[in-house]
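Both complexes below contain chain A, partnered by chain B and then by chain C.
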Partner chain A sequence: MTGYFIRRLLWIVPVLWSITLITFLLMHAVKGGPFEAGETKASSTARQALKEKYHLDEPVVVQYGYYMKGLLQGDLGPDLATQGQSVNHILAKNWRPTVTLGILTTIYASVLGISLGVLSATRRNSFIDYLSVGFATIGASTPNFVLGIMLVLLFSVKFKFLPAIGWSEDWMDWRPVVMPVIALGSLSAAFIARLTRASMLEVMNQDYIRTARAKGLDERSIVTRHIVRNAMIPVLTAIGPLAAALVTGSFIIEYFFSIPGIGRAYVQAILGRDYPLIMATTLVYALVVALANLSVDLLYAVIDPRIKYS
Partner chain B sequence: MSIRSRWFLLFAGVMSLVLVAAAACGGGKSSADKTATAGAGTGAKTATTTGGLPADMAPDDQQVLVVNDGTTGGAEPNTIDPQATSYTYEVSIDTNIFDTLFTQDPKTSVLVPMAAAEVPTTANGGISSDGLTITIKLAPGRKWSDGTPVTAQDWVYGIIRGFNLNVSGSGYGGFITGIKGAAEAGKLDAKSPTYVADVAAAFKDSVVAVDASTIKIVITAPSASFLSNLTLPITSAVKQANVEAVGADFGLAAGASKMVTNGPFTVKEWVPKDHLTLARNVNFTRGHKAYLKEITYKFIEDQNQAYNAYQSGQLDEAAIPPVLFAQVSGDASLKALLRQEEVFGVDWISVDRTIDPWKNKDFVLAVAQATDRDTIAKDVYFNTRKAWNAPCAAAVLACSPETFKTYAFDLTAAKASIAKAYPNGSIPHVTLEIPNDPVTKALATTLQSQWDKIGVTADIVTTDQKTLRADMKGHKSGTQITGWTMDFADATDLWSIFTTAQIGGNNLGFYSNPDYDKLSDKQDATLDTAARKTLLGQLQTILAGDPPNIPFTVRERVQIFKPYVKGLSSSPFNWSVYSDQTFSEVYIAKH
Partner chain C sequence: MTQETAGAAPAASADTSALADIAKPAVGRSLWVDALRRLARNRLALLGAAIILAITLAATFAPLLAPYSYSKIFSGHIIADPSRSHLFGTNLSGQDTFSRVIYGARNSLAVGIFVQVIILAIGVSVGGAAALGGKRADALLMRLTDVVYAFPDLLFVIMLQQVLSGTAIANYVGGLFVVFLAIGLVGWVNLARLVRGQMLSLREQDFVVAAEALGATRLRIFSRHLLPNTMGPVIVSLTFGVPSAIFTEATLSFIGIGVRPPLADWGNMIYDGYGAVLATPWPIFFPAAALAITFLSFQFLGDGLRDALDPRTR
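After this line comes the complex of A and B, so read on.
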């Protein structure tokens, strides 16, 4: 198990390197650059000086060399928008809201999705089941920004009890978190609910469940120890990548709710062709996805004793 | 009770608790959540008491204004270093924390002193008889926010710092190139270890502190617009010791609160991607200290969401999204809070005058004449902008909208122009390359249908701003929907952008006309206003027959303020030049 874990960790290195290369090439293949004529009052001489300063006048291969040299020394480069602030500084300042939002959304989506899925499966064709399926259908078909708009109009504009924008570093101030989490996580919750329900129903029809009932086990033990535990394997498979997607896919919600996270910075970096910031945020996201996948693989072994890594 | 019922009850119980907690904790934590109970709207005349404070001013602890700076789109500044700022959303903050030597009277747009004691003229000896040497006397008693005096040397340091490419590379350096030594400074190697000293040496005779309160500036040629450049933050004084102490973080989020300023406000904090807060400068000496204790600028780029935040009480100001304008202006209580103000800016379609079919001036005229601006103002901007034919806003010196009647919507004239441009009727397609936003898309489809009436087929291509600029630069798209908001009121700021020298800069359409270039230079060198107006008229006549672009609307700012926000300035130009938008006279009224 330890050997497997170390091997998987080491594999992340070439994966990240490949991502740096692909992102760097793609980024430079896209038209436009950080210092375009007509965007500022800078003269062509000034723009040229800036390009020279940041090596943007050199061949892409040489630029990549400079980037990798800095990266290996832990320097993610300068932020070209501010031309002074380092990308390390921006990430250090902005990672917290993104990660917090991702974690809380994962918890929300998992708890709500699994709860609804379990309730729905255990009370098949009941009102709860229809409610759960209805939620899953609506959740799956409503884009997060549409849900965000509806929530804001209702809870901020109409009732004025949740803030329409912003974020709070105060852990006790939960109010700015509620709507972004619901908007971002409802689609995932709906997906998890459907998956849980389907998985539960499949397990409930297994012979060993019938045997457990025939043995006279109480319903609570059957549901919690036999059905839910076995039904969670495919759900867990989905939650891993979903968690990564929730952390990395929050940029629309961050933009909409004006949350100072790296997702928002990522969008602005792409629009502004801020190369070092694009590279850094892509790398961070890639690392999150890689680690999330690794965590899920390790959790398989915990949940399902049949799975062993060597 | 069955296990299934327990599950359901547990779930229902948790959800109920969440809802109860939400309802119980809801409400009043937003800093800007001030319920309006009275107020005559914004821009009301300030009544003052004998103590100098407005009579209806709320207590000091309530003097906190939260804005999104909707005039500038709620974007976050890249920097607030005055020598490095470039965008309106940066300058609008700098004008609240740094004084400039001069500013423009908001009522008349005439240059008036700010940090200077008076505006130099030949009559008062401030401008030499050859127009090349400008002597500026500083007003006495001005202080930095740390309480130390502002000296002529601080201004000299600031102006020269504006030429340092490592500081102002993306900034306004191009504006003050009329100063003697600027050309030499521009050729210096910015990577050289002696670069800063070399730049200073280039100006040793042309930007000089004669004494503690007198600055001498030598320019290379007489210029009617030169003093207007000194209204821009790039020429603001900065305190050298402070700049050096803060180092690379000067003007950035990490160092903003350490900046020593000399405007009505100073920086309290800058939280990246979230907000920037200014605090009253207690050592401000130009006039009364700011009424507002704090101003917080939120960075909300989504206009709809900013308006939602205004409605929810989180903001005291927001821009009105065009699509909501009819709804807001139709509500009497909200209409009273609106400020709809024309700015010194015109929207236009830059056309690449070097490629077909745009290099044919009759084709450009035909398209201009086929552009129904009233429909655009009404259907695309929902009357948040005004239909306009001329490249100049009406308030620009000697702007003659009459001259540009040749561009006006007239389908008959348009058909005649297109027949002249393409007598055989084989009119090439044009491309309208646009950014991916709903308003611009609506504009493009409107233009497409309008131009179609004269046989011009426009293919719409959606992309992002950077690609769009790259394609324009590479002569691939042929069009770019853009425009110009003036940096200061002087006419040179507008007309110079169509000169050949500005190709590669702000002359996005590569317009080049040697006669125009000569006239542009000549009018700026003409200090006599009457003679200058004549030249400006001739210059416009050239453009009327040979359009560099297709103007379509005058820019307007549509903002809404809470009714208790008082003291906002209003003028014929209405904050038209963005450096006018300071909050030094603004206060929160009792409510």
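After this line comes the complex of A and C, so read on.
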């Protein structure tokens, strides 16, 4: 099985390579470039000089060659917009908010989603059940930017309690984090809650649960040891695609809350045709999605001994 | 909600009786008639279907239903509250929100449905070919889906739009065609995996093995057994895909990449309303509610279809 996962891990390399190729071709199919007239105030000789400096005057294939050569040495290229800064530097500057947001959101979504799902399944048709099914339904039907607007109206405008936009480098300052995390994670939380509830209900009807009850096991250990553990298996499979959704969602949320992360850098990169930065951010995101997917499969095998990869 | 909670409940042990039902020779009642009958008993799903029908009618007959044009400006009524002359109020430019919500349904539905057409075409072909085309085709196609899966979809949508902007394709359906194409081209992965998984497991099932043993041709097995038995989950997946495509499109319009004003779109209306949110929440409230209601309707219909098409989940 270790062999299987090593192969899967290695397989990420050609996947990322294909993505560099597609991205590169797409980027260069876009009309205009970073140093065309209208994009920058520089004079025509200066623009020509810049194009030469960054090899933009050469055929796409040659440019791709230069790029891949740099990439293999860990050099993501120069940042065309700021000129002088490297993309590595920009990523190093911007990764922290994005990663913080990603981790906190994953925790928020899974803790809230699983607790709500377990609560409503164990207390079926009770008030708590209706409340959490209601939350899950409304949460799932609200796009994250609408939720963002509602949160800002409530907490920033009405109660003047949380800052509407921005980010803080201070680890202890939790206030700017709250709304982005809720806005980004609630849809996933709702989804996880629905899934957990359905999966729990299905497990609760299994024969081995009846056996556990007949043995006289107390309800608490039946729920924690038997029901929840088994019910988590299908929930886990859904977390892979959710990670992808979080990644793409963070892009909107960073834009909306003006968080200086990689997602916002990406928007600026696209608008400014900043080829190396577009490429780098796309690669980073693809890597995150691929790794998330792989770890879910790995976790899946750990939780469910019936699953064997070969 | 009560309906749904009651419905999703006891089921698991019905496995054996469902098998017994299948074993009986079906007399004039196909799977689909049965499914339709089950669906008709699900009130939430019916409600969803009714709302979807209403939205579709509103979108089709928008010029007749909307009191004003989506772009007509009432200069004396900037961000007016809902009133008798402007049921949903007006926006920052003084346009009637009610009319714009109705016209906006056109974009949302068109995106939701056309994207699913693209996803259906690519997803079923790729998934089917992977399942039935032999080991090498399977490996190749699954690797392809890995690449598309890892490609951040929103980023692809934005890039494709930029690539095609200025070409003739960019102007089809008022610029929406590019949005369909882009969302569809990255959205088929899950469906392809679903179709492949479904067909692979069906091929091992006794009734398919029996058909093979009886000398059925490959084409017949595919068209009589594999395809119809795959269609249930496919329809369910597409139904859930509609609202998610609508969300993606609204998000694009919200960040200013999709449909632009003065054209009416729920996403850009929300963005537009955000500019005046401190003065009045109404310009955001109505398009957001329209999005949520559309989403829920498809969700309810999807839940209902899933339960109706797969009796084992009941």
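Structural remarks
One rule holds in what follows: the second predicted complex is superposed on the first by the 302 of 310 C-alpha atoms of A that agree within 3 Å, B and C clash if a C-alpha of one lies under 4 Å from a C-alpha of the other, contacts with A are read in each partner's own complex, and residues count from 1 in each chain.
In this text, contacts are C-beta pairs under 8 Å (C-beta built on N, C-alpha and C of every residue); 3 or more make two chains touch, one makes a residue touch a chain.
No experiment lies behind these values; they were computed from the predicted model shown.
By the document's definition of touching, of the two partners only chain C reaches A:M27; chain B does not. In the overlay built on the shared chain, the residue A:I209 is in contact with neither chain B nor chain C.
Legend: residue contacts after superposition of the two complexes on their common chain; A:L299 is shown touching neither chain B nor chain C. By the document's definition of touching, neither partner reaches A:L236: not chain B, not chain C. Shared-chain residue A:Y255: touches chain B and chain C both. Contacts of A:L153 after superposition on the shared chain: both chain B and chain C are touched. Legend: residue contacts after superposition of the two complexes on their common chain; A:I103 is shown touching neither chain B nor chain C. In the superposed model, A:L131 lies in contact with neither chain B nor chain C. After overlaying the two complexes on the shared chain, residue contacts for A:T122 are found with chain B alone; chain C is out of touch.
In the superposition on the C-alpha atoms of chain A, the part of chain A touched by chain B in one complex and by chain C in the other spans residues 30-31, 149, 152-153, 157, 255. Of all the residues in chain A, the ones that touch chain B in their complex are 30-33, 35-47, 49-50, 52-53, 81-85, 89-90, 93-94, 115, 118-119, 122-123, 128, 149, 152-153, 156-157, 159-167, 173, 175, 178, 218-220, 223, 255-261, 264-265, 271-273.
Those residues of chain B that touch chain A in the shared complex are 2-4, 7-8, 11, 22-23, 25-27, 29-30, 33, 78-79, 84, 86-87, 165-166, 168-175, 177, 186, 190-191, 248-249, 251-254, 271-274, 298-302, 304-306, 308-309, 311-314, 464-473, 482, 487, 504-506, 508. Partner chain A is touched in their complex by these residues of chain C: 1, 4-6, 8-13, 143, 146-147, 149-156, 158-160, 162-163, 165-166, 190, 243, 247, 250-251, 254-255, 270, 274, 277-278, 281, 284, 288, 291-293, 295-296, 299.
Partner chain C is touched in their complex by these residues of chain A: 11, 14-16, 18-19, 22-23, 26-27, 29-31, 124-125, 129-130, 133-134, 137-138, 140-146, 149, 152-153, 157, 197-198, 201-202, 205-206, 241, 244, 247-248, 251-252, 255, 266-267, 270, 278, 281-282, 285-287, 289-290, 293.
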